[in-house]
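In structure tokens below, several structures.
Heads up, the next two complexes both have chain A, just with different partners, chain B and then chain C.
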Partner chain A sequence: MSDLRGMFVDTSICTGCKACQVACKQWNEMAPGVPLPMEDEAAVREHRAFTGNSYDNTGHLSATNWRHVKFIEQIGPDPSTSDRSDPRWLMMSDSCKHCVQAGCLEVCPTGALYRTSFGSVDIHQDVCIGCRYCVGACPFGVIAFNQRTGRVNKCILCQDRLEIGMGTACAKACPTSSLTFGTVSDLQAMANDRVKALHARGQTDAYIYGWDLGNSGTITAGPNKGTAVKDVEVVGGLNVFYLLLDKPEVYGLPAHAALPQRNFVPSAGVALISAAVLGVTGLAAFRRNRIAENAAAAEGGD
Partner chain B sequence: MDLQNSDAIVFMGSNMAECHPCGFKWPMKAKAKGATLIHVDPRFTRTSAMCDTYVPIRSGTDIAFLGGLVNYILTNKKYFEDYVLNFTNAPTLINAGFKDTEDNDGFFSGFNPTTRAYDRSTWQYQTGAAPARAPEPQSNSEAKEGQAGSPPAPVPAPQGQSVKGVNFAALIANRLPGAPLQDKTLNDPNTVFQILKRHYARYTPEMVEKICGTPKELFIKVADTLIANSGRDKTSAFVYAVGWTQHTTGVQLIRTAGLVQLLLGNIGRPGGGIMALRGHASIQGSTDIPSLYNLHPGYLNAPDATKTHDTLLNYILTETQPTSFWSNTPAYVISQLRAWFGDAGSPDNDYFYDSLPKITGDHSHFPVMVEMSQGKIQGMILTGQNPATSLNAAFQRNAMAKLKWLVVLDFYETESSVFWKHADAAPGDIQTEVFFLPAAHIAEKDGSMTQTQRTIQYHHKTADPPGDARSDLFFWYDLGQRLKKLYAAGRSGAKNVDIIKNMTLDYAPDPAEVADWIHKDEPSAFKIFKEINGFDWKTKQPINSFANLLSDGSTAAGAWIYTGQLQLVNGQIVNRGEMQPGKNDGWVSPNWGWAWPANRHQLYNRASADPKGDPWSTKKKYTYWDAAAKTWKNDPGDGIDFTLTKDPSTPANPNGVGVAFHSGSDPFLLKKDGKGWLFAYEGLSDGPLPTHYEPWESPVKNQLYKQDRNPVAKIYDVPGNKYNEFAGTQFPTVITTYRLTEHHLSGTMTRWLPWLAELMPELFVEISPELAKDKGIANGDYLRVITERNTTEARALVTKRLRPLTVNGQVIHQVGMPWHWGYQGIATGDIANNVTALVADPNVSIHEGKAFTCRIEKGRART
Partner chain C sequence: MPDKYVLPPEWEWPITIALFIAGVASGAYATMGLIHFAGDKRDQPVAWRLAFIPLPLMLIVPLLLIVDLGQPGRFLNLLITSPGAAERPGPLMFNPNSPMNWGSWAMVIFGGFAALAFADALHHTGRMRLDWLDGLSHNIVVLAIGELFALVVSGYSGVLVNVTNQGVWSDTWLMGALFICFSELSGMAVALLVSDRMGAVRTSAALRTALFYAAAVSTVVLVVFLVSLATQQDGSLAALIASLHEFVGPVFWIGAVGLALLVPLLALGPRRLAPMPNASLSLIALLVLVGVLAFRYAVFFSAISFVQS
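Let's turn to the complex of A and B:
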């Protein structure tokens, strides 16, 4: 555990500046084979790229957006009324979470997706066949198909930087240290301290999404004011994990992330039962046939 | 960095998280330590998201708000008594003939409606008798008042007298004023304190709500927070930027915060003060070493034909303030002239002072563009500037169409370089010859930058510029060399020959500096850095402190405030601009870059100790007097902004020159009386006290005074600059312009970069759901912003972060429009400034881009 690398994303001090998005593109433009150009230059030139979704014109993670800052406006308890009490604007820098139980990794048929010595999930671009099994297996909608290369892309936790002892580009660029790179155990301790410090200040909304460090609190503003929240371990743990201030769904994260693989045992069980039922029914049917045939034969032979 | 020490921070007139994201880590540190953060703004922004409380306000009414804070502090007697009594001019007596805006329905005494200017004689201090003057030869020179705000003209020297053999010290000593009279009980009605109380008497919380639209409880919460976090044990800070400067009352607006901070005792203290966010790269440097018409480097006033500046001696006598640190002006001025003219200058020819151009009026940007529009200007050189997108942009593009020639130095083909595509005249009819010279980028050249908190940092070239791109330095140096050649050869009818022939321009390329690079003719930025710093004229060695600059021509210094950025240490030249903090540097980080003056980070830090020299509290200990060592000390390592060995009990000396005139407990060295000025009896053209005036374009009248707007605001009654009807019905919506993190200024550097263009691809207007509903505008629709100047189109971003305000019972809507777009680049859009107007603050000519009016309509601007 102590050698695993990851990131702690403290959304309570994210200012939504998007330096992380730009740093990621700038660094990864330099890595061979994975250029990250503008998502859609034509749309920008033709004035079609403006989304009207708060300050988020990126929209979602994609083959060319490995980091995406989300903006959630909660100016008052109900968006449809003019009540603007307790206003807040939540921001979160989203990316691959380098899950301990990574759905993408488990379904990849070629081994293009692999676990690095740092605990992150990287992609051997030259091995990827573009089958896209991984796209459906990720509970967070992170990994995406790249039309230009015919392969898939996602955040690779700056593997080339880690190999020479550096941290991730996004964490380096983050001006408030909302993104912190380090060993997972160090980051867990930092996150725990941070949640407790926020709770002491009255900001009881804070909790950890990714690991269960034992914290629980209550949301203090927005449409979910008063709802209880607590730390949650997700798919065995997230090496890139978050301090959130509202329910996961508000951030577009699954409340109960699950991998398709979790259906293996039950579906295997169902399959076994189905096989047994089919077998028994089939045996019964053949046996009845057999009895009928024998009866008919016996009838006829007399 | 000092913001990390604040117990409370009010962001107002600024959007620090979005516009200064790196510096914002310091308020975040303060917050982690338990500080309370408040954001007062017309919009709920990414800064508001990081603060504990967001307070809405109608754009342009900050003086009413801050004046309300003054009223609240005085009414509830929550000012820091010891500080106010001893460190400010609260007890000082003002001329009994002074009339306040309360007496004159919005005017101070002395207003001349014909000249639209104030005569400030009734604003002056009451003083004791001046020390007896030694007789001087009778003068023939005419003492000239100068422009509004200048100090009163002193006794000029005899006409034609040069500086040769002049004893500056004696002349200055002969011009000492009388000491200001005070009433330490603060009861005399003529005290600044009582005038202050009267002036802000009607700025009650109720009035703040009526004018600003800010709910009373929120205003009181801000006031209570500041009060609870000020005093001996706690300090609060204000953080502002162009949300405060860009108004017709901009300077006074900032001053109102100064009043609040002086009353609360926050100036000169760790975690206190007023942080001016200086946003552009080296924007601080651009006024320190300016190309501003009215300033020479180091904030020395440009020679002015309307002042008593006819000779160098008269210039020095006019500009030198005998009773403050400015008493050293002769050394600063003559050192500067020595730097500029070298050995050609001498006391015999007044160091070539006569060859310097003298200003004759307002030559700031707007009047220049007005003259350009009238065909009076032949050519313009734009170095990294984009007036085609500036205030009343169409007016400026049309003005540029009258030029004979235009030179543009920039990275990309800016809107200004192709202004002729978007002027009223057809491109074929425009006679301007445009030269576009590609410019090198910051990483492609040596140089220095001076940022927020006055820190100077030197940077080294790391790459050759591409193609023909060259540094601005190369352009100007090369131009200067060519002009010198032409003038040396003689040109008939040439003006200003002396200045061209004799300016030193000693910036020839240094072979060692250019060895690794393609361009061997690149002038030496280091030589300029050294000239700015100052050096001994004979030995050419750098001078370590401005205290060592002399007025006898033996020293040269481009800008006295920067003296010390280079230092001679054990025979080695140390570039303080290159230094990095050491392990034991502490939070002040005195070895990270170099802050002018003299590496003093917190200005006026003598005020962090009480009159006796003891810290106000252990918690806020900063500068203090060590009685045993007989010296001032500062443990975190900041420069001490006071005479190092001056005992705090030193009495004021009515015959003392410079800071000797001040007592040992007068922290404000640059002020004539050493006090913080609650009342500014000189220096400002629109009043000694900040007064709420409505923006030039406003949907409502002034509720406090019959005089609605700043009576001396700079207005331009010229074709193409029609103002919206004031408090009319056609333009009922308040509009403000602002910046986003993702883009910079007019987008000349950012809308060409794909990764930034896609983050914010299009011009949008932030509009409340209430106003959007009124106009039938859905999120994402196109809308039109209409003013008398122009119509701009933008996408609607409907958001509750904008809200309608109730102003004196009337619902007022506000919208916000970022101004980053233009017709060039990848991400293009309408120019926000097409709808703004030429109107400016009277003191410094800053435009009013932060508060004006418009009409919003659904739909596109053009088919």
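Let's turn to the complex of A and C:
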């Protein structure tokens, strides 16, 4: 456990500067836009145009945006009214969570996705066949198909930097320490201390998404004001985990993320039962036909 | 859980066509086995003619699946462990947690059984003399193992979509069962088409009953599927219905439900609600095949359109 590396994302001090996004793009030498075929005008519009509902113009994680700072603009207690009292912006630097139980890794049919010695989930680009099964398996919508290379991409926790003893590029660039790189156990202790410090200051909405460290509180602002929240552990824990100030769904995170394999044995079992029923009904059809034939023959004989 | 957080895998039309063809091939093999198990000598000519079908179809399926890969030249990574891949025991690639891996291997092995059935059909229809097959091709153990792999080919893609986090697809455990049912429907429809064209009245009578029963079982599974979505608290059924919009909706209701299920139920039942002359058997079989194709299309493009919307 002490060797596992990860990141703690403290959204309470994120300013939305996107320095982490820039650092990620720079270190990993990614194109500034989405590498779509330029003739695909609709796709280009979708990915490069102003989103129209936010000051964030990245939109979502993609094959060339391995990190994305989400802007959650709560301009009033009820977005459907013109009430502009008590506005707030929530910011969250999102990326691959390097799940302890990773759905993408579990379903990969070629072994292209693998667990590194640091506990992160990396992709062997020379093994990936571009089947896209991992895309639908990731409960967070992180891993994405790259139309240009025909393979999938996501944050690899700067594996190349880790191997030479460096931390992640995004955490290095973060000016507020909203992103902290370190061992998961140290980060958990840090996160727990941070939640307790915030609670002591009256900000009782802070809790941890990714590990259950026993914290709970109540949301103090925004449309969900008064809602109880508590630490959420998903898919066995997240090596990149978050301090949130509102419900997970507000940040675009599933409250109940699950491993896709939860359905494997039940689905295969039900399929086998249905096959057995079909087999029996098929045999019954031939038997019924034979009985009818014999009855007709007997009648003919009479 | 209709999940708006998950990205669609962007599988394209070759996947739909490939899985339809694989379903027909495996269903035809399963029906051939059924005729061998449950029929008698008078039914054998239909079984031999049916045995010509799975092999050519199983040669097309991998090509369509490979075409849809982002890196088609690397398709062998599904079967042989690449030197750079995550550690696996042995040179063969097999991830037991991945339904796609199960399906890949099942297709390869089923292809062998389809080839055996094809050779057997050549032998028994007098096109090629292969006496060495006599003790092998009708061996009940060989047929049973072949049926097992046909079953995996029929159902693995349904289990595969169950084993994702896509809304609707992963909300029940019934996708594998549905895929097997519709594969069996298509296999029986092909068998009925073959026997009808051969004028095998006796075999056609048994097959039409079998197709009716299969349609009844499939209807029950589909109803259980819809009920299981409706009983979920988070609006899975509403998500499914919402996803059946524009072109996908009519394809599902008219094609999958109307043609693949209602047509055989109404036309082939013991007391037919819509009396049809025997000459219509081929037409019914063709309608069922179109309905099964519609089912594949609706399943793939409903979930994807839901996510994209």
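Here is the rule we go by: the second predicted complex is superposed on the first by the 248 of 302 C-alpha atoms of A that agree within 3 Å, B and C clash if a C-alpha of one lies under 4 Å from a C-alpha of the other, contacts with A are read in each partner's own complex, and residues count from 1 in each chain.
The rule is short, and it goes like this: contacts are C-beta pairs under 8 Å (C-beta built on N, C-alpha and C of every residue); 3 or more make two chains touch, one makes a residue touch a chain.
Every value quoted in this text rests on a predicted model; they were computed, and no experiment measured them.
Participant: After the superposition on A, what does A:261 contact: first (chain B), second (chain C), both or neither?
Facilitator: The second partner, chain C, only.
Participant: Considering only the touch criterion stated at the top, classify A:222 as touching first (chain B), second (chain C), both, or neither.
Facilitator: neither
Participant: On the A-aligned overlay, A:73 touches which partner chain: chain B = first, chain C = second, or both, or neither?
Facilitator: In the superposition, A:73 contacts chain B only.
Participant: Once the structures are superposed on A, label A:175 by its partner contacts, choosing first (chain B), second (chain C), both or neither.
Facilitator: So A:175 only meets chain B here.
Participant: Look at A:6 in the shared chain and tell me whether it touches chain B only, chain C only, both, or neither; answer first, second, both or neither.
Facilitator: neither
Participant: Once the structures are superposed on A, label A:22 by its partner contacts, choosing first (chain B), second (chain C), both or neither.
Facilitator: In the superposition, A:22 contacts chain B only.
Participant: Go through the superposed model and pick first if A:82 touches only chain B, second if only chain C, both, or neither.
Facilitator: The answer is first: A:82 touches chain B but not chain C.
Participant: Go through the superposed model and pick first if A:58 touches only chain B, second if only chain C, both, or neither.
Facilitator: After superposition on chain A, A:58 lies in contact with chain B alone.
Participant: Between chain B and chain C, whom does A:201 touch in the aligned arrangement: first, second, both, or neither?
Facilitator: Touch status of A:201: first partner only.
Participant: Under the stated touch criterion, name the partner, chain B or chain C, that contacts more residues in chain A.
Facilitator: C
Participant: Please name which positions on chain C make contact with chain A in the complex.
Facilitator: 1, 3, 5-11, 31, 34-35, 37-39, 69-71, 74-75, 77-78, 81-82, 84-88, 93, 95, 97-101, 104, 151, 154-155, 158-166, 169-170, 173-177, 179-181, 184, 188, 202, 205-207, 209-210, 212-214, 216-217, 221
Participant: Considering only the defined contacts, which chain B positions touch chain A in the complex?
Facilitator: Residues in contact with chain A: 17-18, 21-22, 24-25, 28, 32, 34, 44, 46-50, 54, 740-742, 754-762, 764, 769-770, 779-780, 795-801, 803, 826-829.
Participant: Show me the residue ranges of chain A that touch chain B in the complex, using the header's touch definition.
Facilitator: Of all residues in chain A, those touching chain B are 13, 15-19, 21-22, 25-26, 37-41, 43-45, 47, 49-52, 54-55, 57-58, 73, 75-76, 79, 82, 84, 87-91, 175-177, 197, 201.
Participant: Show me the residue ranges of chain A that touch chain C in the complex, using the header's touch definition.
Facilitator: 103, 105-115, 124, 126-133, 135-141, 143-146, 149-152, 252-254, 256-258, 260-261, 263-264, 266-275, 277-279, 281-290, 292-293
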